[in-house]
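Structures given as structure tokens follow.
What follows is subunit A paired twice: with subunit B in the first complex and subunit C in the second.
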Partner chain A sequence: MAFPLPRGITPSEIAFLAEMEMVTVVPRQRLEGLELLGGLVEPLVPPRRASIPLWLALLLKRQRRANIMPPAWLHPEPLGLILEVESQHQDYKNAFSPPPPLPGQPSVRDRDLEPTARPQYTPDGDRYYAAPPFLPQNTAQPVSSFSREPPALPFHWVEVSNMLLDAASDDLVDPDQIRRQLKDLREVRMAKMRSGVDVLDAAATGGGGVALTGVGAMEVGEERGFVAGVVDNLRKIGASKEQARREQMAEQRANGGYDGTQDEEEDYMEF
Partner chain B sequence: MSYYDIDSILTDAQKLPCTFELEVPGLGILEGNPGEDIKPGTRIDLPLWLGEMLSIGARLGTSRLVTLDMPDALSERVMNALKAEPRTVDLRALAAHFYSLSERVLELFEEEEMVDVLSETFKRRAAEIADQAHNPRGAVGEGVEFLRGLDETERQLFRAAHDRAKEMRIWSGEAKRK
Partner chain C sequence: MDIDDILASVDRGAGASPESAALDHQLLTRFWVAERAVSEVLPWPVPLMERMMERVRRQIETIEDLAASSADTDSSITTTTTHNPNLNLRLSILQTDLARTQYLLRSLLRQRLSKLSKHSMHYLVQLASRNKNPLLASSSSQPTQTTTSSSQASTQNLHPQDSVPDISAVSDPTPLSQPEAAFLHAHQSLLAGHYAGSFLGAFPRQLRRLDDNAGGTSMIQAPETREVVFVRCLGVEVPVAVGTADADGMEDDDEEEIGVTMRMGDVWVVRWEGCESELQLCSPVPPFHA
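And now, the complex of A and B:
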């Protein structure tokens, strides 16, 4: 192979994508608003808080022009809570802790409620439904919102936490504790991902699937090569069986027999 | 499987036991007797690509040149060993391209049970591979015996998992780039 990089997306590329997440900063110096391709960056006026992209926040932080407010989930207490859910809660023995709810989606506590999508409007008046990565999942929210919403890990949690620990550890509350918790979290979730191999063959032969709700970008990137390889190989091993099954089904269909395994939807599609 | 896939070419070269059904004049060179004829009933190990072509009559229902047998790597004895404990079997000693070989063989033979055994084997071994790949000292510690027994497909899997884990460690600053 001539191309040196493996297929898929490398960790630094994933981190690059994560740099467009919005974070909250407290500026120390005045900075005029910037009109960039990605949108308008609001003017920075100390000591007013502002939401700016992570890359700009890191730049300003390195130049000591701003302090970064840690995202709401990047504190020892919410991380401890998530870790407890991941490692001890019965319901999440084989699943990942749920991602932050979308706007309008009921939170985990009252999941019986029907989701009601809340549209937002562009400056031109067009209606749109915001979705990650255009949701502010890494901004610092007021502490009171904790009581309302259980803490959740956003899509880019590995990248954002790593970059913030690297560049702005003095802005975090108890960075050593956070570092330990993040390491534990990663290990717990990686182990779950790997134990998912048992159900992968159902996914390979069709009909099955593995729930990856709540898995972060970096975790997907890390396990992509392995999981795809396993699924591909299981498919190849099971190919002859699958072929036999298809032939059998085609035969039954040709004979006009109804074997009861086809569901009604399929029949409806056929006729 | 692409045309230039070296693993696919090497899989084609693996031997398959064949029994000749007809007399073939002058083909004794396959048996090591140049110039002689091959008698019906002779058993010779032929490469997969050749055996597959010669046995093609068997599938068409006409008279065939050879009948194929299961290769030793997929014999009953190996299947029983895999059923008992997949992780201790040295697949590499059986066939360097064990899974690719079994894919091809399963296309020729109808063996439903073997598909199940192999899928189960692959799953159990893949879980072990993932654990070894994410453990930085897996390749030098007690896992060395298991890793030596991986077939070519599993080695690629190990490599994918291991490289990704290493890249992650480098990116997050836990390990140095070499």
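And now, the complex of A and C:
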């Protein structure tokens, strides 16, 4: 076979992706700027903070050439807040806590504002919207802006926290407490993921879908095989029904009577 | 500055600036994630891949130059090594970065090859039919209609190899790259030859075709476009389309139904066929995650 790995990203590949996240480091020695294939790395000058990719930060950390500043969310207090939202809050009984907003998206506090997507342009002239791991979701932010924005778990939270606890636990504040909180978060969220299996039927119908907003990359990776398998089998079971429904709708359309509202209410479901 | 230098700097072009390097890296990463997650082969991004390959080539040269210079200083004058103590660190960082990019490219290509060899007949027929007759292009994804010659199959003296479409005249191999198209044809020819030698040769003539569609069932396996994928919505709103390509091959874009609508920042589990058109139209593009 040309390629032994199953389709869909495997856990080690997710970790590979997470290593592209930018983190804040305090260098302990000078290093001139480097032109990497992944972009420019700014020059490291000792007491000044710098943003570099996680893989590079870990490489420098292992050689004791830099200290990693923990991401704004990887402290006991924000994790405690998120855990509270995740386990106690009424609105999030069956949903994950809201993810950090994308650029141009209003934060959870003022959700009435209209989002405005701000694209970049590629060299080929196409529009491009940045997404994790290429958003600064794991940098150490100044305290002032952090108090305005409620804490949120970034897309790659499992991988980044694991790697930091593994390689740079001396840079974290109270790593044991963080470890406990992360474990609690994992368990709460995994329970939600499992209890949501009931609504997967919605994803099996054409044009339907199941919202998993706020889910983490590793959580998707864990559930991917299961969810895809369940939905695939449900789709096969319902294939003849769907075909019949489609023919019926085509007939209605031919008669000019279809108004497109007949299955609206069952399509939108959340975990 | 010499005129040659100016020309050289122009030659390096817009693709050579560090900002575009970062952007291309992000595009490549996203393309890799999408290719790994989706059942079909995605259109080959020619300009992006050309820029990436060029950059990888230049980076290898840079690393070789650096390594050579460090070797020189080591052997000739040992005192100069203290002049640049970071050289080894820089080298190892550059090499790690290079290896990461090469991993992305390699994994991407191997995933594509694996899809191609799994559904080789499907893609060959798609390529051949589109280039032979533009009118067939819209239905080229429907393998049931493309085997025009199968009705006369029984009258000819057929080898399984003859059912492999000839794509030597194909000028535009979209969604594949040119080498991929060549690989596809060579692979399928070898496979057909092998089948003929091992068992198909013993069959009656009318049963020897690899693209047989007798009895209304096509033997060509197409990738499953109704599989689910995980998508994140990056535009303000992205509607999920239903049934853009029906099983009976009717495509009517004007009357396509709209299912649920994804809002910005949402992550959804939806069918690939529902958001495929959005990916290809690029407005707005949902990326594919994990």
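Side notes on the structure shown:
The criterion applied here is as follows: the second predicted complex is superposed on the first by the 221 of 271 C-alpha atoms of A that agree within 3 Å, B and C clash if a C-alpha of one lies under 4 Å from a C-alpha of the other, contacts with A are read in each partner's own complex, and residues count from 1 in each chain.
In this text, a contact is a pair of C-beta atoms (placed from the backbone, for glycine too) under 8 Å apart; a residue touches a chain by one contact, two chains touch by 3 or more.
None of the values given here were measured: they were computed from a predicted structure.
Using the contact criterion defined above for the overlaid structures, shared-chain residue A:G38 touches subunit C, although it does not reach subunit B.
In the superposition on chain A, A:V173 makes contact with neither subunit B nor subunit C. By the document's definition of touching, of the two partners only subunit C reaches A:P123; subunit B does not. More residues of subunit A are touched by C (comparison of subunit B with subunit C). Shared-chain residue A:A15: touches subunit B; no touch with subunit C. In the superposition on chain A, A:K241 contacts subunit B only, with no contact to subunit C.
Of the two partner chains placed by the overlay, only subunit B lies in contact with A:N162; subunit C stays clear of it. Within subunit A, the residues touching subunit B in one complex and subunit C in the other are 200, 221, 224.
The touching residues of subunit A, counted against subunit C in their complex, run 1-3, 5, 7-9, 13-14, 16-17, 20, 29-32, 34-41, 55-56, 59, 63, 65, 99, 101-102, 104-105, 114-117, 119-120, 122-124, 126-131, 133-134, 155, 200, 203-204, 206-215, 217, 220-221, 224, 227-228, 231-232, 235, 243, 246, 249, 253, 260, 267-268.
Taken in their complex, subunit A has these residues touching subunit B: 6, 10-12, 15, 162, 166, 190, 194-195, 197-198, 200-201, 218, 221-226, 229-230, 233-234, 236-241, 244. Considering their complex, residues 99, 102-103, 106-107, 110-112, 115, 118-119, 122-123, 126-127, 130-131, 133-134, 153, 156-157, 160-161, 163-165, 167-168, 170-173 of subunit B touch subunit A.
Subunit C meets subunit A in the complex at residues 14-15, 18-27, 29-30, 33, 36-39, 45, 47-48, 51, 55-56, 59, 86, 89-90, 92-94, 96-98, 100-101, 103, 107, 110-111, 113-114, 116-117, 226-228, 230, 232, 234-236, 240-243, 246-247, 255, 257-260, 262-271, 273-274, 282-285, 287, 289-290.
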